[in-house]
Amino acid sequence: MGSFKGHALPGSFFLVAGIWWTVKHSLWYATRRNKNIGSTRLSSRASQRRLEVIESSLILFFSVVGMLLEQFAADGPRLQLYDFAEKHWEDLMNWQHATMYLFFGLAAMVSLIIHTTEAAPLALDRLMLAVAFFNEGFLFLYHLHGRSMLDVHVHQLLLYAIFGDALVSFLEVFHRGNIILELLRCTLTLLQGSWFWQIGYVLYPPRGPEWDLKDHNNMMFITMCYSWHLAFAMLLVSVLYCAVSCVVRSRLKRTPPIEMGLLKPRDRDLESEDEIL
Amino acid sequence: MGSFKGHALPGSFFLVAGIWWTVKHSLWYATRRNKNIGSTRLSSRASQRRLEVIESSLILFFSVVGMLLEQFAADGPRLQLYDFAEKHWEDLMNWQHATMYLFFGLAAMVSLIIHTTEAAPLALDRLMLAVAFFNEGFLFLYHLHGRSMLDVHVHQLLLYAIFGDALVSFLEVFHRGNIILELLRCTLTLLQGSWFWQIGYVLYPPRGPEWDLKDHNNMMFITMCYSWHLAFAMLLVSVLYCAVSCVVRSRLKRTPPIEMGLLKPRDRDLESEDEIL
Amino acid sequence: MGSFKGHALPGSFFLVAGIWWTVKHSLWYATRRNKNIGSTRLSSRASQRRLEVIESSLILFFSVVGMLLEQFAADGPRLQLYDFAEKHWEDLMNWQHATMYLFFGLAAMVSLIIHTTEAAPLALDRLMLAVAFFNEGFLFLYHLHGRSMLDVHVHQLLLYAIFGDALVSFLEVFHRGNIILELLRCTLTLLQGSWFWQIGYVLYPPRGPEWDLKDHNNMMFITMCYSWHLAFAMLLVSVLYCAVSCVVRSRLKRTPPIEMGLLKPRDRDLESEDEIL
Amino acid sequence: MGSFKGHALPGSFFLVAGIWWTVKHSLWYATRRNKNIGSTRLSSRASQRRLEVIESSLILFFSVVGMLLEQFAADGPRLQLYDFAEKHWEDLMNWQHATMYLFFGLAAMVSLIIHTTEAAPLALDRLMLAVAFFNEGFLFLYHLHGRSMLDVHVHQLLLYAIFGDALVSFLEVFHRGNIILELLRCTLTLLQGSWFWQIGYVLYPPRGPEWDLKDHNNMMFITMCYSWHLAFAMLLVSVLYCAVSCVVRSRLKRTPPIEMGLLKPRDRDLESEDEIL
């Protein structure tokens, strides 16, 4: 998968996930804050659950597709791990990428089970997400042996975002519903997504000249470029957050909140359930 | 102890410990959640104590056996530390392993004292466990000087599980009874156990060809293999957790919970004691 | 910007920021502690907001000035990033410094928005500060390739203060208003400021002989010197804290607190708002 | 100070501090637990303060003595920092050790001020202790350049105890009065003290043969030896804790607690003050 496409694909995946999470958490935070003017109808506990189930199903679906692609695409190992004839491992790269997808798939499966049944504690979905991110970073960490300087460097920078994501998700196990942590996770996911694209452009430029992978100045530029990606991710999250907040507030103003009073007690019960953990 | 058996033995120990802890914590969590339908009779505070005492006694027993084996087995140092005649240390490996067992033995002894008397704060057992795991990792860390690449690598991977266990146990000092942390500790202990077996198979293959300890592809495969062990550990914990939950719920349905109402006030008192720390 | 001035300028900036923060947090803490004797009039919620807005505006202003200076000063890149004729990056140092200013500017902008509108959660200003400090340290970390030993060492010591600042700011997201953390942040900011001056004196001594950048004794002295800067920063924070405390208490004694009783209920409401996060 | 005495002296200091802290915290914990049977008379808030003041004064005194000794002992620099004639730094080692004492002196001074006046928040004494330990570790970290392997190794092992002490003290800022953390700090301080003695015996054996500082087996033995020191420190803390607990309980049984009931309300008020932070 060492190609431009191979980096653009997961990049797009993380960009979409980042944008979607930002919208979701902004929406829920806005409705929680404006509860007194009847916003609970915008996102009741039941609709929240439905969203989570849909999200988990989609992630699960794409993880499975990703694993199948890695295995059965043109140059995939087709589930063969060891070539006994020639005594070497078959396409270890593909197997590693499939393993990464596997953990995101597991996280999605656990999340599905949590939000459809009452079997497991709620905070488990964040722990599984943390494990999935950690596993991704862990595999990348031992992925870099013997590559050229700039190649190693751009992947090392990626690790900041990945392990940052893992750490923030783990903190969310203890501080669930903290909007600061949620938006930080969204930012780091967007950063990861856009940086995958950047890696693609640096290592496999689709057009234009090749980058000199040993030039120290290129390395210094790339480091700064990472900061700009972070600034861009923060900007995008801010814009989305503000847009969602405005929409929620304007919709609440248009409709009178009085009739909602009847629904509130039940909704609150359902929501307090959520806060038990 | 550099042999297949020498790795399979502690591996089995950690596997059993991991499975047992999963069952124990799942059971207690399930009974806590279903308290309103009378589950407290399944695990009252008194029976919890009895379990802890039995568990600690067993760990203490096996630690002492382990220390004695390391000292008095065929090639052990028989409590002799320094050979003054030839001026060298006697079987440092065995002494190091005995030291590891010593700390687990200390942890078990403290746990015994805590759960039979009221002398010490409850959270101390988790701290001692954290210290025991930390000490194990600490000794392994300075154990690896001058070995071949793959040998170092498989032991380094082991350190993730060991230090992870130490960290989670330390967090449990502050968040006692958090089921997420408890299951995470079980998972990491299982991972440690199965990885000890894997190390045995890689370094001392009981049959089949030797592994090339300097091949970079082997190293990449082993890294991925570690992820699979983690996935397997998570799967095992999930299955055990679900099984225990189902059994608890089905047993509660069969017996009417009404008669239990009389026991509840006393049990609650006993349990609130537990939450004081 | 590799010059004495180039280090003295940010140094002065951080020194002023450190002193100002110490005064601000000491004042607020003193008024909070002496609330019962009517001190709220010294710093009501409204005046706190006004202070925050002024502070953020000043930081934003100086960040923009800093960015413009880096770009358009005598040897700046004038917004040109790549010289296509000679195929090399233009003045990467200036671009990196401008990026550092950019993040402090972003933090100030977010702080402005938070304290003038109700749009975002309060704790976001500390997160943005943490990100700004982290970004500064991150860029310095990859800044040091190929310099002489002492040059690398003095910049590495600087990283302790910078990453310390980032960590403390991040902790403040969860422990807002903890005076210990606030004073620690002030201390580390002062340390950073005075160390920038020290770096200037070591690498570009304005008068007197050059330092031998490869002498090991110089390195050992510099390490100890860093401790002294830390002691000096702690001393300065203590003196400022005591001075502010004394002034607040003496002013409260002179004016009778009785008339303030009427204002208290409203102020408390405003303040409890503050504690919602 | 590179001599046997130079390591035995701070070692003894830390051993005494560790033992004293264990007794102090065990006593206070035991009285807090047995409050209902009238133990508050054993350690009222006022007597606690008096103890803290005496302890801080002693530490301050010994820090000043230590600094003076380092400066004015036989081969000290006598406050001269730079020899302008021969252009080299004067006795940097002594200056570094004096700096370490300085920070413990500062911590003691702040603790004195906190416990005699109401000027500063209580948690500050733990922060200052954390800074003092951190500073000690920080100076040791850059102290080891160019020494032989075993010399570096024994000092690195020391850093575990020092930075552990710093971390635990910092955690106590947020979890003040947590007996687990307090005993952990005592253990690490004892470990530090006994390890200083061990370093003295290894590097400057008062009698018997020299150690071979380049033998890998010596290094492995030393690592294990560190674990034994830790086990010994834990044992000592346990014994002291149990002894103090027994004494407190037996003294309480001999005197009737009834008459104490009159004092309780006032004591509780004084103590709740303590818990405000």
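Chains: A, B, C and D, in written order; residue numbering restarts at 1 for each.
Everything below uses one rule, namely that a residue touches a chain if its C-beta (ideal position, glycine included) is under 8 Å from a C-beta of that chain, and two chains touch if they have at least 3 such contacts.
Chains and their UniProt names: A, B, C, D = Transmembrane protein 45a.
All figures in this text were calculated on a predicted structure; none of them were measured in a lab.
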Cα superposition of chain A on its sequence copy chain B - rotation in ° rounded to nearest 5: 90
Separation of mean Cα positions, chain C and chain A [Å, integer]: 32
Chain D: positions in contact with at least two other chains: none
Pairs of chains satisfying the touch condition: A-B, A-C, B-D, C-D
Chain C residues touching chain D - in the complex, by the definition given at the top: 29, 160, 175, 179-180, 183-184, 216-221, 223-224, 226-228, 230-231, 234, 238, 241-242, 245
Residue ranges of chain B touching chain D (in the complex, touch as defined): 88-89, 92, 95-96, 99, 102-103, 106, 110, 119-121, 123-124, 127, 131, 135, 138-139, 142-143, 145-146, 173-174
